[in-house]
Amino acid sequence: MFKKFKINHYINYFVIAVALIVFAILSFTGGIDNSTTLLLERIAISIILAVSLSLVVGFLGELSLGHAGFMCIGAYIGGKVSALLAQTGIGDGIGNLIISLIVGAVAAAACGVVVGIPALRLRGDYLAIVTLAFGEIVKTLFQNSSDNSFGGLSGLSTPRYNKTTLFIIAFVVVLLTLAVIQNFIRSKHGRAVTAVRDNEIAARATGINVTKYKIMVFALSAAFAGIAGVIYSFSQNKVMYTHFDYNYSIEILVMVVLGGMGSINGSIISATLLTFFDEKLRLWISQDFSKTQLAQFLTTYVIKGDLAVFKDIIYALVLILIVIYNNSPSLKGLREKLNLKKLLSKLFKRKHDPSKVKDDEARWDVVPTKIEMDEVLSTDVVIDDMGDNSADIGERGGNK
Amino acid sequence: MAKFVEKIKTFFNTKIRKSTHKRENIESDYVLETRELGITFGGLKAVQNVNLKIKKNQIYGLIGPNGAGKTTVFNLLTGVYQPTTGAFYLNGEDLTGLSQEKINQKGFARTFQNIRLFNNMTVVRNVMVGLSNQPEYNCTEIESVLRLPRHFKVEKTMRKRAKELLRIFDLEDERNNLACNLPYGKQRKLEIARALATNPKLLLLDEPAAGMNPNETEDLVKTIKYIRDNFDMTILLIEHDMKFVSGLCDEITVLNFGTVLAEGNTKEALNNPEVIKAYIGG
Amino acid sequence: MEVLEFILSVIVNGLSQGGIYAMIAIGYTMVYGIAKLLNFAHGDIIMVAAYTIIVTVNTSMPIGVSLPLSILLSIVICVLLGVAIEKVAYKPLRGASPLAVLITAIGVSYLLQSIAQIIFGTAPKMTAKLDLGAFKLFGVPVKFSAIITLVITVLVMVGLTMFVKKSRTGRAMVAVSEDRGAAQLMGINVNKIITITFIIGSALAALAGFCSIIEAPSVTSTFGSMPGIKAFTAAVIGGIGSIPGAMLGGIMLGIVECIANKIPVIAPYTDAIEFSILIIILLVKPTGFLGKKRREKV
């Protein structure tokens, strides 16, 4: 086994582990301050969320807009369990954390199964809407919970875990997440999932149990979102339902899309960078940028709101531009010209053949280029009926 | 307005149609036997009273003009549609009403008229997906995630077997290409290889020679015969190319408007005046 | 008497709220039917309309001038915005994977909300000039705004139905929604039809924005997202792609919402109930009430 050890399969664990060790040493020697620790916690949560969403979006090829909803369940259930445990003999140490993580993950996974069931009948836009609705329902339920159960409007108070060590635990969980999701994807089961993504009908005809895999992927993805939620609840004194809104789901989606759908390493990188810049951009806008003349001008004449919202505009623009650039049929020529791999191989004077993929590179990260419209609308979906004389186009239609 | 009301009424009347068929196994000497197989869509009888009897190691043709219901028969046999009447049996075992994946696991594998590959996966992985249900490559999710030795063993043997299958179809050199980058003829072959990987007892080929040039077609005839001889396979195929059918099939059934027009020995059935009439349109 | 009051208020308020949903839902359904995309930014166009109206009304012009002007202005701005979104964000992706189109649409929606937030801030923008008052009908207070909404809804529905059935452009739209390729071969300018669809949808969104603003004159950057999602629910319930379906679905949803809001125990869960209805309808009958089935060919 060891002679076939492929380093590029494991490079991501390695990088994360090294980063973890470096930061852990720094933290124990007092080399990093409180805000950095907080940022590291946030980064870990983002990575877990992005990698788990990438499983659904990139590998199963379904759009989930309710990922924050699963996280919400993890945060509330896990937070509640830890609050209860803290009053018992277990206290608020590592044992508490592990039990809360497991309970939160299981609760979220159960909801993942519930959302996975619609996925059997619906695809594409419709499923996206169902996941969105699910996220909103979860939020509403916690919002209206009673004060003794989940705190209702005022949020759920949770014990804050030891500040200096939580980020270490969070990154250990990141490694675990990565191990589970990556090993799942790089196995015959992951192959079956990508087969379902590429062509569901053919997958069925090839004997793939589509039902099982769809539900499994949704449950697995939800479980890790739940874990991210539990870690979040440990990093806060209070869990508020408002944090898990639709916009947060979109933020996670942005991470996955920017990282390249179907690329786990891409998700990790973009989750790290976006969370980092999110923090830095906010600081920069509120401190340095707000002092500039441009900002003065804008705040006096144009802007009533917070300058920090600029960050969201940048997010949105980047999302739109990247998707159009990557997917527009009319930009195909440009894409081929600017192909990163091709440029790199030119740089290193290697021959590049885009159609040939070295199998040992474990090419799991290919994104569907074009799904037939019919396939996306496979489940008894309607497109037509715009009135009664639909068949009657008459004399050469409406083209004057 | 009346139409409006009508639609709302139908909304409440639609129920998910489940097959009421009660499965019963029969004594049968045939690999595939269908009895009074039929399906209606709304009021339209798309296929009715199809009785096929296919012996082991036969290459059996299903032909007929456009819209005769050939692909519908395939869809019935592979569980895409549930038949409204009749039943079908694999070696006497009733498979009516099972799901597509169950039917495949029982021993029917098919290809599609409009090729359906896993386009964004490599050629070898396409075949490995086909292999994944075989008992010898059994490996649970837990074993894969924990990377237990079984996972590595299964991956290795699966890949080896996939390569062997690809060699038969002359696709071994292409194994690391993405399936969507293959030329048309090779895509057709890959689809057959993938179907074969599921270790079927009956192989259903939907217009395997469509879009192929004469050389490729000739090649395909050889390959199909090779599969029958070396895999101990029974093959049911739909085809339009009469030369192809008469050169390959032992027996045929001719469908027209969803009903059987003629059946039996290929030469005789093709010379049946009814069949000629249906094709030429008298 | 209480029962009568309850019924009457449910009818009036439910119908007017439903009318708003119906107008938005028509925009969704037409765009989905013709351009085959779920225009996530549709709800945010309502938000833009609402801001336009409030800003115009809040100027020093007399209300008699500013109100008609604001409606006109909101329609013009929304139509321009809708067409611009179509040309810039959706058109380059025609023929690309639907997932990509959907993500872009989400991005556009996010962009519009952020821009609104940065221009107007997070605090709701309000106006006191649009309170139209109420009158009593059989002892039940009925807002004038509800009546106005009802009138606008009826006019829009009748007008749109006539347009689709009788005009050449309307019939061309039907043709494009049936089969884009075939319509193109018949000489229909598909690009033009898609643009017209966006124009109609955005104009209706502007009207819906006006109707919501006279109901409750306070706008934030997320003003349109909830009604947008609910209107999509309405479009699905009615059967997406079907204009009468969107009308039916919108009004049904409005009435359900109104009843739920009237019962104190379930009132906080109104949104959850509506979304549950959506999920159930999608699971039981994804084609909705008036939709047609379209199966994939195997």
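When the chains are written out, they are named A, B and C in that same order, and each has its own residue count from 1.
The working rule: contacts are C-beta pairs under 8 Å (C-beta built on N, C-alpha and C of every residue); 3 or more make two chains touch, one makes a residue touch a chain.
Everything numeric in this text was worked out from a predicted model, so none of it was measured.
Chains touching both chain B and chain C: A. Chain centre most remote from that of chain C: B (centre = mean of CA atoms).
Note on interfaces A-B and A-C: more C-beta pairs are in contact across A-C. Computed centre separation for the pair chain B/chain C is 46 angstrom, with centres defined by C-alpha atoms.
Each chain gets a centre from the mean of its Cα atoms; for chain A and chain B, those two points are 39 Å apart.
If you average the Cα atoms of chain A and of chain C, the two centres end up 30 Å apart.
Within chain C, the positions touching two or more other chains are listed as 244, 290, 297-298. Each of residues 201, 368-369, 388 in chain A touches at least two other chains.
Within chain B, the positions touching two or more other chains are listed as 80, 112.
Residues 1, 179-180, 183-184, 187-189, 191-192, 194-195, 197-199, 201-210, 216, 355-359, 363, 366-369, 388 of chain A touch chain B in their complex. Those residues of chain A lying in contact with chain C across their complex are 57, 61, 63, 65, 117-118, 121-122, 124-126, 128-130, 132-134, 136-137, 140-141, 143-144, 201, 246-247, 250, 253, 257, 261, 302-307, 309-310, 312-313, 315-317, 319-320, 323-324, 326-331, 368-371, 373-394, 396-400. Taken in their complex, chain B has these residues touching chain A: 3, 78, 80, 99-101, 104-105, 109-110, 112, 116-122, 124-125, 128-130, 132-133, 137, 139, 141, 144-147, 149, 151-152, 154-155, 158, 175-178, 180-181, 194-195, 197-198.
Across the complex, chain C meets chain A through its residues 30, 32-34, 36-38, 89, 92-100, 102-104, 106-108, 110-111, 113-115, 117-122, 161, 164-165, 167-175, 177-178, 183, 186-189, 192-193, 225, 229, 232-233, 236, 239-245, 268-269, 271-272, 275-276, 278-279, 282-283, 286-288, 290-298.
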